[in-house]
Structures are given as structure tokens and as C-alpha cells.
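Single-structure report; data block below.
Per-chain numbering from 1; labels A, B, C and D assigned in written order.
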């Protein structure tokens, strides 16, 4: 079993030391929770959703469990938290049942914030007093911060779902309405093909599932210049998209029939006049990327459009040639945006919405999980999930990479997901 | 269709006018919610449980919907509340799904308390300014107050369930531990038999399901002097109570097997050393009445004990001869108590715990539901539920009557339920 | 615990000895199964339905288990049958899971018929050779024959359900189509009221749940002269019967919504033009009694009609005054018939269809179950079921009595059920 | 859209013409059903299982629907069959619900055999009279025969499951007990690595999902010389295999806990002393390959053994170098056998048991489904299933190929599945 991480650990801004970075990332989480009431932070609107309170506690538990002990004997903040805030680390100990997180009212929000402050103070003290921190220990702290950033995005996907269940439709953040803009026509860009390399091999931070870098054969193919937008998706619906089994995977069609689905998750009516967003109910903007589609919907749309979804290798092969910039959490938009510019080249590879690929989530050849309990982070989920790439408007800029592999089951809709098309080279 | 109520309406203390009474009953609800945090008030720990916030809002909605319009045109406090806080009145309008009450975070607790204050102020103003209030209108107000008192008890049963789901076991109210006392041996009292009358025929308030008073034939039988206690129930368990199908109804045995049940709801281990209570985890007190048993358990216990449960007619026939006093909400005990005294006569008929009877919940001959939407209050639930009698420690003294018919499905455990035995006269 | 039965045991035709009677009843079962293929006899189309093969085996098991041992040591026909063919007698031994009866292909039909022949031969031999048979032993044999007759009716209800699931709609028996006849208008007959007696007290055979005879108080009321017919039920549907929650019990409305029900079980379309019957698909006959309605539907129809269902005491009080005759299994009609005659008096009390009453299934005062394992026959089902009275076209003439209590859950539709109205005396 | 098949169609023995082959394959199906009674042929013991009767009808429907119309206008054998025997071809028409196949008793077995004879006669006549048959039409007939062979294997997997549900454990075929033999120690064989080609490119028959042949990069790795056997699997269980979450995928562990699984599907007790087989209950043979394991179990075993499962590319890369021979249906063994020989080289690649690979079922680059309705054959199932390779003892010799891709969900146990290990080259 190799070391958990290797070599250097400096994915973040080079000028920023670890303590500053810790403080900045943790503060972002608090800022994202700030618009919410104690009551909002309680709700688990479906088993996949966690209450905000739990996200705040769990990310703190991660530092208490995996980081503080690196610096010597650590006294537990509050017995019981190690069960309540353990997500799925069976080698650490028992977990409170995931689907029941919404029934826990104590510790309340104020106590959880105390817990955060307490752990933050301890981490700061340890970092300030440590003479040196080994690369391995730095790695664990960085992992904790990347973990925190994953939960920042989940906090937003989850509270959006929570608010969507309230017929009074609360608003996470207010925003002025806006006018649709013209979107340039989609174009197609060739993907670097033949024997290529994908995966991460820098000593900088990456998750275990992005390693090792390895060769793949990529066929001659093309990727579309931008994400599919609401207007295009309306055309799919108008053409009977949700009534034609020949467009769907067998499992996807069963899902459509069981759930009587006729539109993406937050479209408020079958005709798509209104959409629920973090800014409340809004007129559906045809020029914005279509979001909250399942893999089934992305796959069916692509078939209808005479195209297909890209494989993750195709996606990465092209994305690696693009600048890592886009409409990410740092932009503060909290919504996917239409592509800017004149339509030349490929756009929106990073940010806006996670892009479904046609690749199931499996291990790379020679994959080694992180060492010890952290080995439960990624590897045990490599079953019946699908790879998404590129991040969304809720993903931090210093959290995403060309090799980053997000993964969710095919019926997932409540994440910030979208569709990018690909096709075989003609 | 007769008038909703008839004649006088003065179930409460004679010296108390309607406005005073309104103020007192509503204040009791606030007092019961006072120990709870905003987070506590959010939780729906199973579909049968409602969040405290919802109880506070729903009881207020009842007055806003049925009482304020009696005094003329009424302006709605907040659009949307009429859906969120409607329980099951289909003739009033749509209801937010019952099992989803825990996903609503707004209005928060403070807003719900504002809603209460607003409606209370309006009711007080109406009562103060009305020249006369018809008996019919007085009846609706009294119904609202009795409805409020039902939800006071539910608020306590529900928060107990909520807290029991938290592995850190929060305490609703602290209390000093105590020593077991000696309980006098059970004795048997004959029930007035032959052709008897049961049901309510006073002009004072009663629910529609208690009327009309009518004749029944009661066989020669006897009722036990007190409730079954924990010590006796432990003997049943020790004798294989939960492992012997011959002691159970067929449905009851299926329930035992499916739920792998081996003890009453809040016993923390199979051996009954500890019990979760509103005062936190406590050593099981053998002398206290056994509580949180389903009809199935009460019926099986009775069969094991060579006895049976009383019919509601037997119960009422005897209870009508007893003073209406006992360990009720007004005592502030928040727990069932052992019987006091020397064991002579029949005890604990009122208060302590609701007593399962062997009578399914059906209409009395000549039954007429309340008029209009209030007709949905009771009648439509006369199917596959069982009658409980006598009130519990969470029932207000001025809410209970000898004729009062509570009802729950046979598998219900989270209510404050207990067991009283009966037997055929030897 | 009293003896299983008491005194004489001679419910059947007086001129018929027990051996003849045994042969006749068992032959009827074989005759009812005769039109079915080995494949037909395999199917369990829902958990409530048993395969014909199982009915044939189980009724035989009943004699092997409870009757043959009365005559001395008995050698088991085939090890394994005691599990496969035990229905619910836990004190006898384990049972193969009820919902899985359709997965057993061996013993096949021929082997089951061998089993029947073998047991029949043994019973005949025992009866022929016994010098005397005690009243108690006679009782058990009679119980076995009544049990067989219950399964004759179930065989028909079950195979009707089985065939109804086949889109090719097989026919149990062919019959010529017929013309509707005019049905006389309904009239109302007063029920004997005041203190009355119901229940069985003859030494002749009856089930334990029909005893003891006891006093009840019956209010002044009237019972309708005939069953509700299809034409009348169509008017209920046409008036929005299945779309108006105010007509339904709360549980009934939930059942309507969950099952999207709009008509009785075997009506083949929402408009009731065709009905599936034992004679195949037939035009709906407006003049025939409406059948295959649940308690929920019967109750809602009665409310819509401004009436109510009778209590079982009302029903029995009137039925006891009527001759025990009607359209029963012996008629060979295999369908409910319109009432004959001029509409005078009360008709169809026996036969045609089981009539839902508003009485939950409970024990009579002083009820004692049969002794030993046979005590599991009836008593343990006294929970959340409803009484039906009077028998159907599938009930043997010598099986029904005025005191006979059939019982099924409120959502039951696949039995031969119908509606008779009652009302308070005006 | 390309033609359904291409070029030549001659996968079967070169000396055999199409009519002879048709007759032979169809006769094999009849032979496999011969030991079964009409009752056996009725049972659907779980939704995944189809009754034998249905397999016999469905394979015939396939020829009636896709082959007979090739020769001109075709008159339907029996209206209704096109619904009852359509599996999942939505473009052909509606299907009777899959999970309900066991409720259909008519057509019975004899009628289904008539249906087979009728269609067989028609096909023979068409083949005899056709002057020429286009390659495309030959392809459809061959597809029908391969389809038939797939259902031959399913007929055996399904009837084994059916019989296993009967506590009397019927036997499909009798066989003498035998003595365990010594199995040679496992060895490891290097896999051809680097840029390799996989997939089918011959004009001979193959399924669409095996095409096109394409390049892949295979890492340096090794494959184990034989299948894992029962004795080895017992060691895994003895070492706490089913109690150690760290050995399992997260979904796999949830599956273990939900189903309380402690051994492969047909092991009759937790200790593995007996196993249910097509030859009845047998002592577990430690030297025989372990069978009826899910992907979850195969994956956990491999992790416990310090190895992993092969990818499908690794498997095919090695299998292509091996002779296509093994313990297949033609051997008549009806059971997996221990490897023969001295343990040199790689064994059991074909036959014995399907081998789980670590490859999810996806399309090859440039994949094109069959044309028209036959396009529903494979492509729409490319979601959340896993590739199995190599065939089993129930797979016909002329049905398997090195490129053949079988696929089932990860929790599948009732198929003839086994485990072959792989590992990274050291």
C-alpha cells in the first residue's frame, strides 16, 4: 500500500500558506450558510440530501478525526459527534443512518458553529506551532479542504432541493430579472485522438481516483462547442422526447414511466415556463444551459439530437488543452450562464454545469486507494455510477482540475448537471 | 343535518368566561413548547409525527379558518398557510402532504409564533366587541379549544418520539430520580351490567362521536382496579410473551415478526433496564404503569394473564360512577404514576395512560357528524381503529369526559397508552 | 376451556349419514376443479389468492391432520405436505409462506388428486369400521366439511381473479347471453328492534364466532328489499362517486387515490360496458346486483344514496325471520341474479352476494374459541376486518346460516361481495 | 444506419445447412424442457425468472415476428400471443408485464408446443422453398437461433431457481454422487499487453455489441490459471468475508446487510455443507468452481485474495489465444467441473461458469445497434450492468465466442456465474 499522497502538496495559490488557505476555505462554507435560518439548516428533503447543519458538522468532524490527531493526542469535543457526523467511514466507527439525518435537532446550529470554531482554533494553533509539517500531513489537511469544498457544492444543491419542496418557494439569494441574450450556434471541435494519456501525475493534490496517469486509445471524434441550452431542450420535449421509448435506455424509460417525468427537475410545469432556482422562481431562460438533468435525460437528448455523450477520456483529452477558467463558485453567479464570445472554439468546459459522460465510474489501471480509513473516500463507490466532468457554478476554482472525476447514479437530478454533446468524426 | 352543536356550551370551569378560557388554553400550548429549540420544533421523525412548529401553526389555522369568519369578513394572515397548516379538511381546500411536514422550514418558529399572536389578538378583539355570541358560535370556539388540547397531547407524544431518535437522548424536562414504591395487589370491580346507557346527552360540549346517548346490553363482567405495571409486563416478557404466537392476534403476530419487537416502544434494551421518558433515560420503574404498548401488545398481555380488555361500554359504564380526577396534564407530572391509596375500589380510570378497549371505533346508532367542513373532524376515521378511554398524564383536566372516545390503529405505540384488564364475571 | 363442539352435530340433511355427506361434499370440490387445466391450478395471481392445487391439497391436509388421528395412529401420506398445505395453524407446525404458494410445482395436480383419494379412502374406512363416533369427533368431521365448503367458494373467487389477469380472458364455464329484465323498485322493511337476541345456540354445527347467543339493543331501522344493482351503481359513478372525497371514509379515499380506482373490480372500462365473469367477458347487466365492491365502495355508495349499511345485528334480526333459500351454489348459476317476484317483502337475504355490514369483526360477549389447534380457526382474525352476511351464489346451501359471520378487510374486492342498504327509521 | 448484419453468416458448423441447424437448435430446447411437468413450466419464482412455458413461447414468437415475415405475408398463429410472448420490443408492440408471466395459465404447455410445431413447420417450408436467401435474411435466422440458445441457458438457470424454492427440493436430473479430486494449485499467466485489438470483425455472426473491433491499451497484468473453487471460497467465509465491510464495494455491503447474505445463493446453510444443484441437494464439492456468486461477492473475494477481477479487455486478450473448448452445454454435465490436467497454462476460459469482469457494460467506440426493432436487442441495456465472459456449462458450443459479451446487474446470483482472478504484473 503506497503512502496516502506523494511528494509536494500545493494545489492552491502558490502565494498562500496552508493556514491562510484553511481559514479562507472554512470561511467560504460559513458564508454559504449565512443566508439560512436555523430551521432551514435542519431539513433533509430526501435521503440523498443532507441538512446544512450536518454538512457544517461533518466537514468539521473530518478535520477533528483525520487532521487533529496528526499533531498528537486529541481530546474529543463532544462524545456522540463521532457517530452523528461520520458519513460512511466504517473503519472509523458506526454512523448514524444517513436517511435519518433530518431527525436530529441537537446539537443545534449554534452548537455546531461552536464546534466549527473550536476545531478551527485547534487547527490554527497546531499549524502555528508546528515546526515542520510533513508532506503527508500537509496532504491530509489539503484533502480536508478539498472535502470541505465538495460539501460547499452539496450544501447548495441540497438547500435548493429543500426550498423547492416548500410551496411558498423561499429564495436563497435575490437577483434582478434579466433579458435573454443571443447564443451563438454550436460548432464542433476535434478531440485529440489515438493513443493519449489521461489522469493526474503531478505531485500536487489530486484524488486517488484520478491516478495513475495512463494511456488510452481515443477514436476520432468531435465535441460540441457549448452546453445544450433550455431552448434546445424544449425542442426535444416538444418532439415527444419523454414519450418515445426508442430514445431512452431501458432503465431510463422505466425511470420516466415510474416517475411520470416530463421535464428537468425544477421546471415548474410541463411546458417549462418557470424554473425554480437559488434566486427563486424565474422565467425559464432559453439561452441558459439546461440543468438538473439525469444521465438518462442527457443520454436520451443526445440520441434525439443524432449525437452522443463524450467519454471521459474524450472530454479530458480536449479539456486538457483549454484554460482552467469559467463560471465557477468564485464568480458568485450561483447560476449557469450562457456562453460568452463569438462561438469560436470550445467553451464552458469548466464551470456552469457538470457534464455527464458516457463513462461508468471505474478504477484506472493500477489504481491504489488512499491509505487507511481515507481509502474509503472514493474506491468503494466504483459501482453503477457515471462520471461527470468540469465542475459547475458551485465548484471552487481551486478545487477543479482537468482530471477531476465526479460521479453520481444515472437517475441523479438534484446536482448541477448539464449536457455536452459529442459525435464520431465524420 | 342538525346544528353543529346544541344548546349550552360550558364544559369549562363555570366561573371562567370564554375569553379567559381561550387565553388560558392557548397559553398552555406555548408553555409546552417553551423548552424546545427552533430546531426541535422542525422534526418529523416518522409520518405519524408532526413537527411542533406545525402543531403551533395548525391549531392557529383552525381558529383562523373556523372561528374568525364567524365574526365577519376576515383577511388571511399569510397566503400559503391555508395549505401548509390544513391537516385533512378536504372540503376546506388542498393540504400539504402529511408525511412531508418536516421539510418545511419557512415559516420558521418565530413567524409561527407571530401568526399565533396575530390570531389571538383578533379573537380577543372579536370576543371583547361582540354584543352576543350565539350558542352555535360559542360551540365552534370551544371546539377550537378542545382541538388545541388534543394537539397539546400530540405535541408531547411527538416530541418524545423525536428525542428518542437522537442517540444523545435529549431531555424534555429534568427530574430527580426516585425510589420504587409498593403497589397494592390488583382487585376486581363489577361493572354495571344489563341494559345500560352510554354516550353523551348533555348540552355541554362533546364531540359528535360521543353522541347520541343510547342503550347497550352489558354482560356481567369485572374490571381490574388499576393499570398493568412494568413489573407485571416484564413477567409477560420473561414468560416468552413475544415468542409465543398463540398469545397474539394474527395481525399482531405478523407485526411482532416484521418489526422484531421484544418490548414496549421506549424500552432501551430487551431486558427493560432503562426506558426513554420525557425526563430522559431512566431506570425502568416496575411499579409504574407500562406505557407505549400497541393494541396488539395489550391484547396479547391480557390473553397471557387469563383476562381480556374491556369493551368501551364496560369501561364507560364503570367510569361514569367514578369521580373525574387523576394524574392529568394539570398535575405537571409528565409521566404515568403508580396508583395511590390502599388498592380498594377502582383507580386510575382518568389520567395516567389511555386504556385500550376491545371496541373498534364505529358510529353510535343515530350518529350525525358535525355540520359542514367540521363534519370531517371524526366520522371519516371510523375504520380499522380502536377505542381508547380515560385520558393520560398529557390530557387536560377540562378536556376529558367519561364518554370521551380516543382512537388509534392497532399498531400504535407512540401515544401514551396502557393496559387495563377486564374479565367475564365468574 | 370448553369442549370444541357441543351436543348433537347434524347441520346437514337429516336423512344423510356422515359418510354419504363426506363423499358428497368432497365430490363437489372435485367437480368445481374439473373445468381447470393443470396449469390453471398453479396460479397465485396475488398474495390473497391461492392456487386451486393448494385448495385441493389443503382441504385434504385438514382431514389428514385433524380427523384421521381421531381414529388412532396415522401414517403421514407424504413428508413435506404438512408444511406445504398448512395454512396458518402455528400450533400444528411451520407453514410454507402464503404469498409463495404459486412457486410450488410439485406435488403436481395428479399427485394432489392421489392425496385426496388416499385420504378419502382412509376416512371412509374409518367411518365404516367405527362402532360409534363421539359427538365431539363428529363435530370435527363436520368442521372439516364446512371448511371444505369455504374453500369451494374460495376456489371460485380465486380462479376468477386468475383468469381476469390473462389478457385473453379464459372462460370458466360457457353460458348463453341473456336479455336484461325489469327489476322492481326497492322498498324498505322494518327491522325487529329493541332488545333482541343474536347468535347461535342450537347444538347443531356452527363456528365458534357465532356463539354464544346474546342480547343486543337494535335501534328502530329499516332494511332495503334487495341488493343494489349495476344500473344504480352506474348512477353513483356518473354522479362523480369516485371523485368526491366527502362520500368516502378517509382510508377509503386513500385507497381510491392510490389504486386510481373508478369502478368495481371486474368492470373492464371506466364506463362499465363490459364485466369479466366466470362465463367470460359479458355486457354489463344493469339489472344484476353490483358485485366485487370493497367495504369502502359499499360505504361510499350508501352515503351517496342517503342511506347506510346495516349492522350485523340488524341484518341477522331481519334475516332470522326469512326462509333460508336463495341463489346459492346448489343452483349452479355461478352468477348473482336479479331479484325475482313483485318486489314485495325482503329478497336476496341468502345467496347472490355476501352483504357488507357496518360491523367490525369482534368476539361476542363470552366468546370461547374452539379447543386446541382448531382455536386458531377464527378468533385470531378478529382485527380490522368487517362482517359480511348471507352467502353468495358460490356458497353451499347446507353451509350458510342466519348467524353465519364471514369477514374480510375493508379493501377486499375479489370476493363475491355486494351492497344492501339500511336506514334509520324515519 | 448500416445493415443489420454484414456479409457471410456462417458461425455454425460449416457442414451444416441452415435448415438442419434450425432443426437441431430447436430440438435442443425441447430436450431441455423434457424432464419438466406442465406445472413446472408455469412457475415464475421471482421477477427475473421466466416460466419455461414462456421461454418456449417467446423463442417461437421471435421466429414468427422477425423471420416468417421475411418470406412474405404471414398469418398470425393466435391473436394475443404477440403481447404475451413479446419480451421487451417496444417498437413491435405492447408487452404483458414481465413480473406477471407466472399468472398466465393459457395457452398451456401443450398449446405452446403446438405453437412451436406450427412455426417450425412454416420455417422449414420457407427454407425448403426459397430459391435463395439473402445474407441479411440468413443473419436474422441465425440471430433467432442464437437467441434460442440464450434462452436455453436461461431455461436452466430459471428452473434451478424454481426448484430451489420448493422445500421438497425436486431434481432436474439424477446423478450419482462422486468423490472429490485433487485440484492443481493456481498459477498466473501474463496477458498480452500494450495496444491490442478486441471485438469482432469477421463477417460471421456476432451480436452488435461485440463490434466494431477496436484498439485498447492493456496494462501489464496476469490472469489466474483456473476458476476459484468452493474450498477457497469457504476460506474467505471462514475469514469473516461476509462480516468485513472493508472488503466490499459500498453497494455490495448494503446488499449483504439487506439480504443477510452469508454464502453463495444455493448453499443450504451458512457452513456450506450442502448445495442445491440441477442434480438435487449435493454435498458441497470443495474442488468444484464456486458458482452463483454476485459481482459484489466476486469483487469482495478478489480483494480478500489480494487480487482483482480482470477487465473484459484483459480477458479477451488472453482468451483469444486459447482454443474454444470447455465444459459447455454439449458435454451434458449440467454442472461446473474442476479443471483437468496438470495445472499448466490457463484453463476453463470457456464453459464451466461465466466469469465476472470488472468492466461495466458499455458500447464500443463506433457501436451501431442492429437495424429496426432488433436494435432493441442489446444497446438499450448498456447501463449499470457488468460484463461476464466465456460461457458456462449451460452455453452451447456453437453459441460462444472469444468476443462474446454477457451482462447482468451486480447483484445477480441465479445465473451460472463464477470468479476468475487477475492481478497487476509484479
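Just so we're on the same page, contacts are C-beta pairs under 8 Å (C-beta built on N, C-alpha and C of every residue); 3 or more make two chains touch, one makes a residue touch a chain.
Just so we're clear, the structure is a prediction, and the values are computed from it rather than from any experiment.
Steps from chain B to chain D, taking the shortest chain of touch contacts, total 2. Mostly identical positions are employed by chain B and chain C in their mutual contact, as over half of the interface residue numbers are shared between these two copies. Ranking every chain by how far its Cα centroid lies from the centroid of chain A, the top place goes to C. Chain centres here are Cα means. That of chain C falls 47 Å from that of chain D. The distance from the centre of chain A to the centre of chain D, with each centre set as the mean of the Cα atoms, comes to 38 Å.
Distance between chain centres (mean CA atoms), chain A to chain C: 60 Å.
Within chain C, no positions touching two or more other chains are listed. Within the complex, the chain B residues that touch chain A are 37-45, 53, 80, 83-84, 96, 100, 102-106, 108-109, 162, 165-168, 170. The residues of chain B lying in touch with chain C in their complex are 88, 90-91, 195, 214-217, 219, 221, 245-246, 248-253, 358-360, 362-363, 365-366, 376, 380-384, 410, 424.
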